[in-house]
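A short write-up of the structure that comes next.
Chain nomenclature is as follows: A, B, C and D, assigned in order of appearance, with residue numbering initiated at 1 for each chain independently.
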């Protein structure tokens, strides 16, 4: 993945449960991108709009649909430990932002993911450049090279 | 549950998968109401609007939010057999309709459920009586006593 | 529902997100029993086994499959507020326990649910009476009549 | 993505529903990898073991955990049309297999994904080379270069 996890990255805690696990007794693979998106939503909630994407779309008319995701799965996720999702923006383009999410349990990195979304005028589903306040916010959180 | 499954009830087939199962190697309990709602949506798709609730809400401005559900779980659901969801309206009030969904695998009834929804004007989230065409449709499918 | 929510009931907080909501912009009905089960799992995690059902099944060989659920949906759930799930055992039989879960947002009761499970020897999927330590624990948390 | 969709690829149909959609009235992003995994499970069910991963793990002791996924999201998925998931193996290594899944609605490619899994002895969670029968099966379905 493109960037190294900064010590200052926002951490979103997820309590993995019985219902997240499959018969192999580990979290089902399709739950892991769901967890990562929960973490990105929590990043927005923490830094920009308390109700996250819901508030951004409905109150601010800014949508951020995803155009790409990639994930490497390194170690199983289980309910034994909190899943700490380290979440930070790693790149900002004119019309897109990329988030990294590293899922860590008990000190072990379980997955690393990279998720790119674009900005749209929500009620028109039409592309737009990153709004200025969002641009400033994201830039302030991208780790120095 | 209030009514007996009629032989003529609509049947919605669900392929239960690995990801629906929990570490006990049976479908996770919280998946079962989800399956039942999929079956009710499929009932509407078959009898009223091909894209189901999505079409009813967006194109016809009729919403049908649920006000109550009850389910009895009788036997585990697994990926070994198709889950056949027998689905029929069991009661119609002025402003509500109740659906029954029986989930059957390999001839064994796994769950029985009853789900009551009301009618609303979708874009106002405001209660309304059952629209006439829906009333006629539902009445035609309620089993004779 | 059979019992009134005690002031002392355990409260499990859920952050409802964009992805939990349907096009009506409220949490999808089938997510609500899922939330309620998360709350019951959290009750066990808080009072009995820190990793909840996962630990009960795998480490203690006690399973608690559900045999019945009923829910009344009173008000929509949205991402605007934390969903506070008030969770308590309301009845204990020889072989079963019933939990109540009330979901509350911003002081408004959104749903009330009642969920009955039985006790099994997990690796045999065979019915058993409530183990003594669980019986004592549950009895201590059932509200006085 | 590495390979071009062959005309002969297996197609798994998914009925997208109201409950799969978010307030933007399109399928929630985190549902899309879930759909793709359903399609890969259906590929195994069609070609190898009728109950898919569940049967492979429990009856044949072969697990296929994912080590990587990447997806490009090209067009929104909605309940208006069946989601046709074109699914085929695109590469086979000594210990891994890569599947491609293209999701198509009404002739429009909505997403393209690539998913790599490894082979394990399921009850030991231990790496193994692809079993011979699986190797032969996968090789027979990889498109000619």
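Brief remarks follow.
Simple rule for what comes next: a contact is a pair of C-beta atoms (placed from the backbone, for glycine too) under 8 Å apart; a residue touches a chain by one contact, two chains touch by 3 or more.
From a predicted model like this one, the values you see are computed outputs, not experimental measurements.
Among the pairs C-D and A-C, the greater number of C-beta contacts is found at A-C.
When the CA atoms of chain A are superposed on chain D, the rotation angle comes to 180 degrees, reported as a multiple of 5. When every chain is reduced to the mean of its CA atoms, the largest separation from chain C belongs to D.
Note: centroid distance chain A to chain D, computed from Cα atoms, is 23 Å. Computed centre separation for the pair chain A/chain C is 29 angstrom, with centres defined by C-alpha atoms. Chain D has its Cα centroid 34 Å from the Cα centroid of chain C.
The set of chain A residues touching two or more other chains comprises 18-19, 21, 23, 25, 29-30, 34, 37, 54, 57-58.
Considering their complex, residues 15, 17-19, 21, 25, 34, 37-38, 41-42, 45, 51-55, 57-58, 78-80 of chain A touch chain C.
By the touch criterion given at the top, residues 18-19, 21-23, 25, 28-30 of chain A touch chain B in their complex. Remark: chain C residues 23-24, 29-30, 33-34, 37, 54, 57-58, 63, 65-74, 76, 122, 125 touch chain B in the complex.
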